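Quick heads-up: structures coming right below.
There are two complexes below, and they share chain A, which is joined by chain B in the first and by chain C in the second.
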Partner chain A sequence: MIWQQFLSLAGSYPLALRGLGMTVVLSLISLVLGTLLGFGLGILRTGGNRLISSIIGAWVDLIRGTPFLVQIFLIFFILPEFGIELDAFTAGIIALTNLAACFICEIVAAGIRSVPTGQVEAALASGLSRWQRMRQVVLPQAMRIVLPPLVGQYVLLIKDSSVVSAIGLTDLTRVGWLVVQRVPNGLLVFFLVGVGYFIVCYPLIMLARRLERRMGAAHGEVQL
Partner chain B sequence: MVNSHSIPTHSPTAYCLLPTAYSLLTPLRAMLENFSFRTIVEYLPLFGQGLVTTVWLSALSFVGALVVGIVLCAMNLQRGWLFRAPAKAYIDAVRATPLLAQLYFLYFGLPRLGFVLPELVVGILALSLNSGAYISEIIRAGILSIPRGQVEASVASGMTYTQRMRLVVLPQAFKVTIPPLLGQAIVLVKDSALLSLISVAELTRAGQLLASDRFMPAEGFLTIAAFYLLLYYGLKALAVLSGRWLGTAGARA
Partner chain C sequence: MTKAGMIQPGLTKTGMIDFRGVNKWFGALNVLRDITLSVEPREVVVVCGPSGSGKSTLIRCINGLETIKDGDLVVDGQRVGDPATNMTQLRTEIGFVFQSFNLYPHKTALENVTLAPIHVRKIPRAEAEHAGRELLAKVGLADKVNAYPAQLSGGQQQRVAIARCLGMRPKIMLFDEPTSALDPEMISEVLDVMVAVAEEGMTMMVVTHEMGFARKVAQRVVFMDAGAIVESGTPDEFFSHPKTDRSRAFLSKILRH
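What follows is the complex of A and B.
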């Protein structure tokens, strides 16, 4: 009985696999770009230049304060008015990268601020250059604070990538939507879509939890 | 406006940057010239309705999420696995899948089970069930943040479980949970935008209508973005105020 229901979707599994592939590719590209950009922004945010810092802060607030769906619509429908022709994939990458960069920027900035000033002063006294100070003293210590929420942010990114289905990109969620128009069995179809996301996200959630426990222990405090 | 006289003429970089700046500014100016505030004003009642709908459906979903969260958290804090296992499985399932997939699961799945509900109800249900999982974790973290010594002391004073919870643990946990709960409320308001995809007439839907009726995506989506920012800054101010009012969490001796 339930087996027949699974069989009724037989023709759709290749499509679903392609959708899952699209979700993974989309998330992976924007994850890498977003991490690089986010670290750069986070370092600039705490860099001491007040103007740059407040510009970044204002931008992050704008992105955090609006729904991701609205951001995607803005990028997909308004950038073409600037003569920048975008396909749905590029628009999705831009939107996801921007989102990830903004959240990671705040995570990194919080990590950098958590490093005691004595450390920076000691590095300064040892004659380390700005870059050396950041790379060898501040960032390694900040990573302890940064890493657990960073992995958590990756999970959010993968989940948010489902929203790009709204501009017609055939990711896993869109495939579910397409299939359900043909085979009216929403319960099963979206259960399977959920399983697809679960397979990708759950290991990351476990990793985030492990990191949290380990970093918390290293820090000598209970983190929640 | 870029005034070419204001740029030092001896700088070669300025000569290179100038055309680039112009090529970016011209479409911006064109967009601003075509930007129709009149249409926005014309559609203002629609936006207002959308805003009101977004606010009350978010509020309702938040209350629902609190109920779901408290129940899940109570199950999760039990000692036996009978209640704990399902609560944990539910929380993991919600956290590892996107809200949009959950929304479609209910939207396309409930009629299959014989529940034909209006889109709005499905949306509120989805938001409550989704946020509930996160809220249960917030409450759990709050309760677990109470130092063991406090619980032990209340056991030693001969308090019952209910007294311990009501008089010692919950009042302190309450303080710790308010700021993250407000954070979750912000997330909830933003997430409610997804309900426009199952054609609930909320704020984002209003923007979409303007964008498609008049081919004015800039007017439609920038306006709703502004409205969402209004809600965001409001809730953020509330979070700051509540933090000040409750005192910084964890500052107790």
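What follows is the complex of A and C.
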């Protein structure tokens, strides 16, 4: 019986590939945009302007303190009431990008704050401009602190992307729901869905490890 | 000579660094009290005094790491804190050596030295690196060009920090207790470099208790206590014949051993 189910599952592989593709594309676009936005927000969050910093802080708290499913419903079902019609893909990208940006903003801000004041003073004293101080002195040092939780966050966000199936996007999770209607073995189907996510996430976990090691070496630390 | 043509001394005579009635508060604490001090070009001034007397704050005001509350501070002809003064530009003329070195840990010794020349002075990389190697050789670290700060001793790090400042070809060098964080056997290697810099005619303000250094190169020693300049004079005058009770008390403490 299991064998029969396997065979009929094998027939669903084009659908599964499409779902995997959707998950990868959604995650990739929103992670890239979310990272850019998150770094920008994180830099502004730690910049001198109190007003900007507290506005960003409030937004980040709001997003971090509400369920992602609710956010995606708001964007997809409520915004059209105000005349902003979005297709499911765009809504998914916006919601995921926003979520990524908010988490990454806090990670980046924490990394920037971890750089000793003396470093900024040294950069200031040698006449580096605000952007040069950030680019040459603060960010490279903050990256050591930022990188491990950043890639960890990527993994979380890829998994969070499964929520977009709720607005009808055929990602990996939704493919699972579709297939399980035909092949009534939820354990097997969702085990395979899990494997699909793992295949996407595992290289990132490996990458995080490699980067951590490289950052350590760049600081002239002894490698064991 | 008409009266109009007469130039009043003290008003137009500007030193490289000119404090005129400078005050600063941290909350209710008056950390700098009515500081008036002029440092001439090529002059080396040593600032000493008990901890918390405002010496570090004094020199940190010069490149704007601290802001002053009132009074005037004119550095290289430009008023510090004036909105019309480009502080970033002014800072390129002022080297600052920190007690804790503050080398960039993610950059090699050479990269530490060449960063500002390349990005601020816009000197071509090859040229900056050539100059950087020469400077590192000058401070005795020709073999440490590619070492990261974590691989260097405190004394070596501080010498890189001095080379980093010299790389900008500054008009003024400020030293904030440059040897206080060092083990005793490393102090002299840093002081030797500082003496060499002084002998090349650099305008320097040095917060230090190293009397040997003061006697060797300083034209003037300024003694501070509780935010005010209490006494100033030549090293010989100050160390051999201190004029005030407070300076005598201070010297008896640092000279005891």
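One rule holds in what follows: the second predicted complex is superposed on the first by the 202 of 224 C-alpha atoms of A that agree within 3 Å, B and C clash if a C-alpha of one lies under 4 Å from a C-alpha of the other, contacts with A are read in each partner's own complex, and residues count from 1 in each chain.
The criterion applied here is as follows: contacts are C-beta pairs under 8 Å (C-beta built on N, C-alpha and C of every residue); 3 or more make two chains touch, one makes a residue touch a chain.
What you see is a predicted model; the values in this text were computed from it and never measured.
When the two complexes are overlaid on chain A, chain B and chain C sit side by side with no clash.
Once the two complexes are laid over each other on the shared chain, residue contacts for A:Thr66 go to chain B alone; chain C is not touched. Of the two partner chains, neither chain B nor chain C is touched by A:Leu150.
Centres of mass aside, this uses C-alpha centres: at chain A, the angle toward chain B and chain C in the superposed model is 100 degrees, to the nearest 10. By the touch criterion stated above, A:Val193 is placed in contact with chain B alone, chain C being left untouched. When the two complexes are overlaid on their common chain A, residue A:Ala100 makes contact with neither chain B nor chain C. In the superposed model, A:Glu121 lies in contact with chain C only, and not with chain B. Set against each other, chain B and chain C differ in how many residues of chain A they touch, and the higher count belongs to B.
Once the two complexes are overlaid on the shared chain, A:Lys159 sits against chain B while remaining clear of chain C. When both complexes are overlaid on chain A, the residue A:Ile112 reaches neither chain B nor chain C.
Once the two complexes are laid over each other on the shared chain, residue contacts for A:Gln141 go to chain C alone; chain B is not touched. Remark: least CA distance from chain B to chain C after fitting both complexes onto chain A is 23 Å.
Within chain A, no residue touches chain B in one complex and chain C in the other. On chain B, the positions that touch chain A within their shared complex are 24, 27-28, 30-31, 92-93, 95-102, 104-105, 107-113, 141, 144-145, 190-194, 196-197, 204, 207-208, 211, 217-218, 221-222, 224-225, 228-229, 232-233, 236.
The touching residues of chain A, counted against chain C in their complex, run 116, 118-119, 121-129, 132, 136-137, 140-141, 218-221.
Against chain B, the residues of chain A that register as touching in their complex are 61-62, 64-71, 73-74, 77-78, 81-83, 155, 158-163, 165-166, 172-173, 176-177, 180, 184-187, 189-191, 193-194, 197-198, 201-202, 205, 224.
Residues 63, 65, 88-89, 91-92, 94-96, 98, 100, 102-106, 115-116, 119-120, 147-151, 164-165, 168 of chain C are the ones that touch chain A when the two sit in their complex.
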